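Chain nomenclature is as follows: A, B, C and D, assigned in order of appearance, with residue numbering initiated at 1 for each chain independently.
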Amino acid sequence: MPLDEKPDATKRAFDVVGTRPLRPDGIDKVTGRAMFGADAFASGMLTGRVLRSPHAHARIRSIDTSKAEALAGVKAIVTAADFEDRDDDLRDVLVNCMARDKALYDGHAVAAVAATTPAVAKQALKLIEVDYEVLPHVIDVEDAMTDDAPILHDNIARDGKPSNIASTCEFGHGDPDKGFAEAEVVVERTFRTEATHQGYIEPHACLASVGPDGHGELWCCTQGNFMVRNTCAQLLGMDFSKLRVTASEIGGGFGGKTTVFLEPVALALSRKANRPVKMTMSREEVFRASGPTASSAIRVKVGLARDGRITAAEAELKYQGGAFPGSPVEMGAMAAFSCYDLENVKTFGYDVVANRPKQAAYRAPGAPMAAFAVESVIEELAEAIGMDPIDLRLKNAAKEGTKSSYGPTYKRIGLVETLEAAKAHPHYSAPLGPNQGRGVACGFWFNFGGETCVSLNVGKDGTVGLSLGTPDIGGSRASMCQIAAEELGIDYDQVYAIVADTAALGFNDVTEGSRVTFSSGLATIEAAREAIKKLCQRAAIMWDIPAEAVIWEDGHARPSGSNAGDFEPLSLKEIAAHSAETGGPIAGHHEINAAGAGPSFATHIVDAEVDPETGACWVTRYTVVQDAGKAIHPSYVEGQFQGGAVQGIGWALNEEYIYGDDGTLQNAGFLDYRIPVASDLPMIDTVIVEVPNPGHPYGVRGVGETSIVPPMAAIANAVSAAAGVRMTSLPMSPPRLLQAIDNSRKQAAE
Amino acid sequence: MRYEAPETIETAVTLLAGEKGLAHVLAGGTDLIVQMRTGRIEPDLVVDLKRISGMREIAEENGGYRIGAAVSGAEMGEHAGLKALWPGVVEAAELIGSTQIQGRATMVGNLCNASPAADAVPALVAAGATVRVAGPEGERDVAAHEIPTGPGETSLKKGELVASVYLPARPARAADAYLRFIPRTEMDIAVVGAGVYLALDEDGVCSDARVALGAVAPTILRVEEAAQALIGSKLDDEALDRLAAAASAAAQPIDDKRGTRDFRIKVAGVLARRAAAKALERARANS
Amino acid sequence: MAHVKLWESLREATGGQTELEVEARTVKQLLDRLAEDYPDLQPAIDKGLSVSIDGEMHRKAGFQKIPEGAEVVIFPRMAGG
Amino acid sequence: MSQIHVSTTINGDAVEYLCDAEESLLDVLRDRLRLTGSKEGCGTGDCGACSVMLDGRLVCSCLVLGAEADGRTVDTVEGMAKGDDLHPLQRKFLEHAALQCGICTPGFLVAAKDLLERNPDPSEEEVRYWLAGNLCRCTGYDKIVRAVLDTAAETKGA
């Protein structure tokens, strides 16, 4: 096949792609050798610790560090005064890392210390005297929107008055009023979700070292070492090229490690102490002071004709994203009705600030809450007209050519295929036991491309090293090795992939938005193809024929055209062995700003059982059906489906940020922030649908995020059916569920 | 902080009594070390009991069992005799935390940590357990429920430690059970706990009962009215309804991050009833 | 000529228009032209945008070519998890 | 404040170290002995990432004092493979893709090994309850449970 021709993904037969090889980082991870954020050590290393605000909202009148500085073993202390103020879009990031004039949430960093031992650092924190003027605080999103709410930022105004509403947004098309007038059934409800945390098991950690020459080294667990480099360099006034950031193995992120918290502080401490500084967050700090997702209040109204056609849909979404603007309400508002082909649709969103930690991305940021609200209403409408809920969705499902509710016209998408596969799945028709209910829901995520750079180096022994710039958060190195092997026509185990540091590779966007298999995959394909071109050129030199007369087939260079059959094909290994004599090392390289990512849709089926006497609730069966486009490594695709579903189960049933009246977080630990444990769950069945993305040579779509979008709605639909009462607030924890059951029974009795 | 691992109770008591600062006993450490690490307590002395002979033993005594202060939940669960005699106590001890926590956490630690939500304590109280306290004045035996006096507060005096728990012999046709409510299946602190002991006469009439509730008051509640609802009955639905009502009526819980007041009141009744049913089943099997 | 759809929030900045025909061969040309015609759009443009061209999503798309007759949808800068 | 001298056995090797009284066994393993396979996910015994065996008993090393290990035996994930030979669980975890990020993996392996040594033929429910103290946020536990059950099945068949 000519090198420039893009194969038709639907017809292509793959050798390596689609198989389930062992991951290159696997042995290290099962033997304890893998190096995560907190696993690095440096000579002369100090321990860094952060002093955090005990108040939800307080003016910082003064900070006296003199006693702490005098403590033996304390080598550096930094406060906001050590970071130059700025007025660009990194200011919020800076102020979030170190409070300036006000502490904006319980846990907000106000000072940091580097000391010879953890014990000294801990003692030093106690000696730092902060004079706070405690201010009134606000936690709830709707409370924060009221006229008399305590104001977080003087420079945010609405209608000329200070406000906590940082911005609004609106999406849609058509005329909802007209559509509602045509509707025969209308359901309108308001839903609420509490803030949840990504809950990655590895706390944030980094090791920073800045020398007297101003050159810096930073080791950290992050979803984007290039992002960390650019951000930290700017916050510290360093040249990008003088700060090398190495991404450690990362112990989970889910969006929560797409920004910086400790990293600039560690660098500042190291620069000041002139020694390496290691910082790790405790689990309590992770909950109080990293980036949970937004809490929300969402009103949804959908109108239906008797035949099941949706005539109009609208939603009003209020998201608080913590102490700074930037909640994911825009994406929630864009994603809310993305599964449907609608003539009249409108969504309106409010981005609200409150005295909570600044939100960070969490898996499909903004979309799960919106889907919870919308898909609950869709289920209720299906009940109202007596239609099967999958049939109702099929009748209105978005497909190729549908003008999406957020604007673009869809290319080929796979929602209908997931709905059909769900309907045909034995789960959907299996009998239910007493106190059990079944729910379904759909979900969508945009999926991103973005800046990506990959290097592929052919070793003289014929093995291939792949340098990637996107930290591997769930097995992507394995997928990239498969792709490189596929393109080169060599065995999977001849390829080894690493995540390169920022000095070794061009810029890469963060591992986010389900973009890695798509974007790094694209760049890997192109890098491999560039290497193949060079391999063919080298073979031509070895054979002394024109380069154009060489083709690449099954991992070998072969003479073609008039030279066909003149020479024995040369393997990659044979060409590589002679590379020094034919022009030096052989490498392929590619950099792109990838576009063409294809949305991934999913349909989930859930069975839940409720104990009506206690409100206890269990998911008894779960099936994920999702369009992957093309599954490169099906095991890790299934893993994304299962992991997303279970995070959704946590969000639906028990996870929530609980604040006290004083605005402090009450459950900053895994004891009372209740993520699902193994015994809470059934097996999570998966069905991989493959509707190829036309924007990728193999048809790849991202898969990581869509899987958390349907669960809360699907579970709420199942629980509502089991309990006989519509649940509109998350989490559906036992006290909430029991109260809802009791209230509905009381009402029924009256 | 100093760490000491004495080999006799006398040395342990001397160390604890002699410490001028804050002294804590280390058995399983699953509460103590958490509190140390989160900065809630900063002891000057920690006295590890695990090297004292007998502290890690379960010994038969007068038809019952004496359980050393450093016996872990896992060790209790592996003791067939104890499990057969007081299954409710063992299941309560085994509910404390994960497998990993079970490898360390002790019933005496659970008792002396004095959490209102302690799992082992309602079961101990229902079983009529006593504990042996060692101190500068020698040893004394007291009822288990007399140890915790409020959240994090105990009746132990300076220099005193609980050396063992004694679970008495159990009459025929009697049994105990413990149930708790948690939002997940594991890893949570009880939102409500209910321990029930009951004994039947030859006709299957309840002749004795004790009911204890956890997490619904500042200390574990012994609910005499709930026990009276059972005594004299055949544990029919009506009796169990009265038991549930009495349990709910006795509960004086608070709203907190783990549950609401209303929830706890209602579920206290539900659990008391379910625990009684379980104990009844066991008691019938014990005849 | 590109068929441009702005997200609805920008209505105020354009005097009610969210669907426009704009002569532009790149995204940058398009945004420059929009800012020229509707100066109130500038802050939104400065904040950073995502652009879909014929259903393909682009972030940081400045010099991306716009084919003749393309559907261009402009919405806020997006981030993922 | 003087440090405590501890003589212990770790993964079969005699080891001596000095530690502070407050230091956890996990701190000692990681920061003093550089055995960083055991992870700190919470420091409060809620996540199981620091699971080790102490005298044959599965514990969270974050809730054991370093000083307590004197005269005892400690086994960590680093001791599971025998040279090049992975423990069957390690192999099955890889084959089943039972890890995504891998931070929880050492704790799961240590805990699962203890389970299979006590109960070579556990039910799915027994596996799930035994491992309830090991949190994983990536996998939804499905592939982990399968890997453990498959290890048991293979061992039984062997």
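Brief remarks on what is shown
Note that in this section contacts are C-beta pairs under 8 Å (C-beta built on N, C-alpha and C of every residue); 3 or more make two chains touch, one makes a residue touch a chain.
Predicted, not measured: the structure shown is a model, and the values here were computed from it.
Of the two interfaces, A-C and A-B, the higher number of touching C-beta pairs belongs to A-C. Averaging Cα coordinates per chain places subunit A and subunit C 25 Å apart. Between subunit A and subunit B the centroid-to-centroid distance comes to 44 Å (mean Cα coordinates, whole Å).
Measuring from the averaged C-alpha position of subunit B to that of subunit C gives a distance of 67 Å.
Mean C-alpha positions place subunit A and subunit D at a centre distance of 28 Å. Among the residues of subunit D, those touching two or more other chains are numbered 20, 22, 43-44, 46, 129, 131-134. Chain contacts: subunit C has no residue touching two or more partner chains.
Multi-chain contact residues of subunit A, defined as those touching 2 or more other chains: 198, 253-254, 670-671, 676-677, 679. Across the whole structure, chains are in contact as follows: A-B, A-C, A-D, B-D. Taken in their complex, subunit B has these residues touching subunit D: 1-3, 5, 26, 29-30, 33-34, 36-38, 46, 48, 50, 72, 74, 97-101, 103-104, 185-187. Looking at the complex, you find that subunit B touches subunit A at residues 38-39, 181, 183-189, 191, 256-260, 262-263, 266-267, 270-271. Those residues of subunit A whose C-beta lies close enough to touch subunit C in the complex are 89, 168-172, 198, 253-256, 258, 328, 330-331, 334, 346, 361-365, 406-411, 445-451, 509, 512-515, 593, 595-597, 695, 704-705. Across the complex, subunit A meets subunit B through its residues 122, 284, 613-616, 653-654, 658, 666-667, 670-672, 674, 676-677, 679-680, 733-735, 738-739, 742.
Only residues 1, 4, 20-22, 24, 43-46, 48, 51, 54, 57-60, 62-65, 67-68, 70, 111, 114-115, 129-134 of subunit D touch subunit B when the two sit together in their complex.
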